[in-house]
Each structure stands twice: as C-alpha cells, then as structure tokens.
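Order of writing sets the chain letters: A, B and C. Residues in each chain are counted from 1.
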C-alpha cells in the first residue's frame, strides 16, 4: 500500500511540476531571460556588487547583450542601449574594447542613434587613450554616416598620434582637410604620405590626391594673384606671364603633368588643361 | 612515594548563555591516586566524572584548586608525554586505517619511523586488532573502536593511564578483555585511573575507589575497607514452616509458595535458626552468606 | 615542528580523501566545455572572456574551498570531539592550529596548481597563453591564504555555521574596503574620517591581491606590488593566526 502512495505522490508531483513549468514558460515568453539586467544600477555601485569579479561580470553582461540585441522580436530593446553599454559594461571594465565597438555599431546602424554611439566611443577613448580603433571608429562614423568632416578630422587627428595606428588613418586625416576646403593643408599631408609611403599602393593612391590637389592649390593661388593684380592695376592681366613681370608670383607653376595653366583674359579665369584623376567630389 | 595524581580542591562551574547564575559541577574536590594502583572513579551519570577527567587532561580549566601529576603541573608538555588517555565514546579520524591512525599519534610523540612501525605492530596485536591494520576506522565496530582507542592511549608506554568509561557499550566479552588489559597494565607497573558507572567490573579489579555524586566525593578508599564496615549477614531459605517464633531471624525477606527467605545477623544466629528449623521438621533449602556489595554501598552513598 | 607537520599532512590526507579532487575534475570539464562554446556566443575576441573566466574560477573555487574546509577544520574537530585525543598529547595547542593551517594551505596549493595547469593548457592550445597570468594566480593564492587564516580564526571560537557566515562576510567586505576611502573623502567631520581610516586599515584589504584585470588587459603593474602584497599577507596572516592560537590556547572543550 505505501508503495502505491509513493507512486501516486511522485506522479502527482511530476505532473504538477511539469505543467506549471510549461505554463510559466508561456507566461514569461514576452520576457527575455536576464531582462532584469536592464535594471542594473550603474557606476561604482555595480562594481562594488561584483566583489573583485567586475571583469568577468562585464564579459558575461556583454555576452548577454549580444543575445539580447540579436533578438529581433523585442520591440523596445534599443531603449536600454546607453545604459547597458556605457553605464554598465564600460563601468565594470573600462578597458574592454569590444563592447564599445559593437555597442556603437548597434546604436548607429540599428537604432539610428549616432549621438549615443559617439558618446559611447568618447567614453572609450577617454579611458583607453592608447587604442586607435576607438577614435578611428568614431571618425569613420562622423565621415561616413554623419557627413561631418570637421568632427571626423578631430578624431582622425587623435588616431594618427597613437603608435601602431594603421596608415590609412593619416589618409583619412589628410582627406578631411580637403572636404573642409582647406586644400593647402590637405596637400601638405598627402605629400607627406606620398613621400613616406611604404607600399606601391599607398604611393599610387597618394599621388592621385597630390596630383589633383596640386592643381587645385595652384589654381587657387593664381586666381588670388589675378585678383590682386586687378586690384592693383585696375585691369586683368593680359597673360599669366604678366603676373610674374609685375612681381606677384616669382614664376609660373606648371601642373603636375608639366603643362601650363590656361588663362582666359576675358573673364580672368584660370583653369587647368590636365584632367583631375579622381572623380569629382 | 608521592601520589601519581593529586587533585586538590578543584572546582568547576559553568554559566548557561543567557543567565548569570553559576552551576557548580565540581566543588572543592580532592583526592589522590597512588603509584601502581588501579583507581576506580564511580558515580551516577552527571556526577562530574568526565568533567574531572577533562580537568586532569587539561581539556578544560578549573575555577580553582590545583592538579599535579608526577608532582608537576598537569599542563606541562613533559607531563603529558607520560600519560595515556582514552575519552568516553571517542571519535577518531574515520578516514584513516588503523595503522595510519597509530602512526599519526606516534608522530605526535616524535617517534622515528622505525619506532612507530614497531609500536604500531605490537599495539595492534596487544589489543587484538592484528589483522585489521589496513581497515579504515569508519568500518570499525564500537568494540573495535574502543580497542584502537586503548592502543592509542598506550602508544607512548605511559606511566599513568586515564580511561573515561572504558567499558561502556561493550559486550561481556569485550568488558572482560578490557578488564584483563587493565590488570596487565598494573602488572607492568603502571597506574590506572578510570571512571565507570558499571560497578561489577570495578569491584573485581580496583584497589581503591572514589564515589562521586553531584560533584562531591562521597567516599574514597580501598574497596575492602569501605565495605568492611558493613556487617555480614546470612540469608537462609527453608520450607515447611512459618518463620514465626524461630530464633535468630532478624527479618523476613520473602515468602514464595512454601519457601521462606529470612535474614540472620551472624553465625550464632544462623546455627540457632538452622537447628530450630530441623527440629521442627522443616526443610532447609539454602544458607548463603551475604556481604554488602559495592552496589549497595554506592546506592547508599549517593543518597547522602 | 615535526608535530606541526604531522597534523598538517594528516589534514591534507583528510582533504584528499574527502574526494575534493572530484571538484577539480568538474572544474576542468566545465571550463573546457564553456571555452569551446564561447566562440558561438560572442562578437569579438574570445580571448579576454576565456582568461577572465579561468582566473575567476580559480579564485572562486579556491575561496569557497578555503572557507568551507577552513571552517570545518577546527569546528568539526571540536564538534566531533576527535580533538580530545590530540590535544591531550604532549603538543602545544598552537601547534595544532598551525598544523591545520599548513595542511589546508597545502591542499589549496595543490588545487590551485591543478586548475591553473588545466587553464594554461587550454590557453596554450588556443594560442592565448601569457605568463603574466601566473602572476595573477600567485596573487589569488595569497588571497586564499589570508581567507583561510580568517576561516580558522573564526572556527576556533564559533560554531561552523556562524564561522562560515563571518568568513564569507569578511571576504565580501575585504573586496569593498576601497569604498571606505571614497566615503572618507565625502565626509567633512574629523571623527567620521578617522573612523573610516581606521576601519580601512583594520579590515583585510583583499582588493590589493586582485590583478586579474591588469594581467588580462596587459596593463603594467605598479612596481613592487607583488612584494608589498606578499608582505601584507605575511603580516596580516601572522596577526590572525596568532589570535587564533591565543583563543585556542584558552579554550575549554566541554
């Protein structure tokens, strides 16, 4: 008899446990495992809670965050991006680089919150001045997504100062000057790149820029001198050579392909016979 | 020769956690144990026997009084080297084998490996565990544990052996073995001090006993002397007669069917009684001299 | 000295026969399994996560072993009265305490070495090996030695349960003592600041042994840190063990 009672209790127990487990699973289907991590306190208090295991905690929360943000069914998951990445993971382990990169990518590309992305990357840059990838990502974000060459330039300037930064950073840096209209400085840096270039590719690419920028800069200079001549003499010069004679330029520059610059004495416009090598920007 | 163990005016009290009241377990206890004797320390449960032994072994401290062993402080390490001790219901490291167990204690005494091996072998034989040397203690029966405990107490060939309830939980065979062991220790010139509440064993082997009750020593001395004060008497059993009017009868103990059991004070009374029974045609069943036993003494003393 | 070693080796034997080594096997297997599936879960390099996990496991397993076994070492003996026949032998009570401590330290050493060996092997296999990690393990071991001393101290006068609670609490507090300095900076009064300072110095500062982050990130360690940490352990441990010996000396075993 007791044996039957035991069997009965076992059966009942299993049935109850099984059904309720499935039911609870349904009830909580809307909630993500570990969702309470969304409500973690941030900052130093969190670090205190980990009792010396903060690095591991950062790792685990990061792993969780990847699963969380891969779950496309959670509609409001982007509400917590800043909290999770900047105020939790970055606080627990400020030198953990992957979350800055992945977090900012999610913020920018998926949530369309470039402001948060840059804030996160700024945080990472401040705590890890020796990691070039962070300002590089920020610079690229500003250039490619925000189309803000001024900000991008600021970031790339940081990058080139970090030892071990890839050479492409300097190329970006040089090019940002161009986008901002400061062709002279751009040319200066592109020339440096060309002279110190350590591969055929770099030398070839940089030469393209040097070529075009030389033309642009020369045209700027000539145009300015033409204007000065007109200011001084009251009329446009008849030939470019007149600028030399009047002392406005020491000599006439040739374009990178050795040709002379063209001058239209009717309008005073200076132009180049050689074509630009790069597509118009 | 000075006493081996001398206890002077020992007191021990304790306080429960929440009250300030003191409970005295022992109060002003004094006695001594002479060299070469077997001293039995008897008393009911809770009398304070184990407390006394713990005080002697420096497991607890007394509130007052002194204890001297071999004339020296009982706390000195040198003194402890000459004592053997077996606690009541002992627990040992059960993950050790018997051999490892004795080897461990040997190391505590600082014996070299050769000495330890020799002693271990000899002791295991002595306590009858010679073929169990490699069995783990967790597999030992109570009797076997008691025996290995005795082995541990003897490992340093001590001059004084202190045993707390050495026969508790043993069957009669085991008890006899322990008794024989204690006697053999005495023969080897050692002094044995043990506590027990089983009196029959004590009576047979102790030279002196001390009776402890409620923390007080009620009586101490040689068994024969303590019992000598008790008058002998005789129990006489007969049938076919009533006891009325018979000479020499001090008291009637019982009437069972036709048999009557009476008590007579001495030989003279017995003779008068027996002659009267035979003359009157009764049947004499038995005449048995009785001495008051240690148990009677004990029960009486603890009432005081 | 021989007697201390007798008790120490006996304690070690007890720990081994307590099948604690099985725990290490579990550790090894779990660690390998996790390290393998890690690459499925993460975006970015798995190197940091494996290293963090390995060091944290060695530390956590070690601390739990130190506390639970350390507490039971003395408490259990007193509880079970196995201690009667030992303390009544010609051996000083402090020798008993030190013997227990050394036995447990030896057990922890073996545990730590085995786990570190496994851990390093996996790292070598994956190409992440870095000898500096061994420095972190050394510091973890120092911390374990200190926690063990504390566990033994508590168990010399308290019940097993309370001792475990005390030891665990002190472990947690030991990793938070830096917050006392923060608090001190925020207080303006003299007495409050003084209390913070005293507490900070008196409580065990276990964070100084925590160089897991620095080692995994490859940051430089302050010069002489290892030396000072060892000295701190030696000093603090000496104080704690002396207190334990003293308490044990005066203890009544009723």
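A few notes on this one:
By our rule, contacts are C-beta pairs under 8 Å (C-beta built on N, C-alpha and C of every residue); 3 or more make two chains touch, one makes a residue touch a chain.
Predicted model, so just to flag it, every value in this text is computed and none were measured.
The minimal number of chain-to-chain contact steps leading from chain A to chain B is 2. In terms of Cα centroid distance from the overall Cα mean, chain C ranks first. Highest C-beta contact pair count among chain pairs: B-C.
On a Cα centroid basis, the chain most remote from chain B in this structure is A. The distance from the centre of chain A to the centre of chain B, each centre being the mean of the chain's C-alpha atoms, comes to 93 Å.
Chain B and chain C have CA centres that are 48 Å apart. Chain A and chain C, compared by their mean Cα positions, are separated by 45 Å. Only residues 14, 54, 57-61, 77-81, 83, 85-87, 89-93, 95-96, 100, 104-105, 107-110, 149, 152-153 of chain B touch chain C when the two sit together in their complex.
Listing the residues of chain A that touch chain C in their complex gives 44, 48, 51-56, 59, 62-63, 66-67, 93, 95-98, 101-102. Listed in rising order, the residues of chain C touching chain B in the complex are 2-3, 5-7, 10, 13-14, 17-18, 80-82, 84-92, 250, 252-254.
Only residues 41-45, 48-49, 52-53, 56, 59-60, 171-172, 175-176, 179, 182, 206-207, 210, 212-213, 216-217, 219 of chain C touch chain A when the two sit together in their complex.
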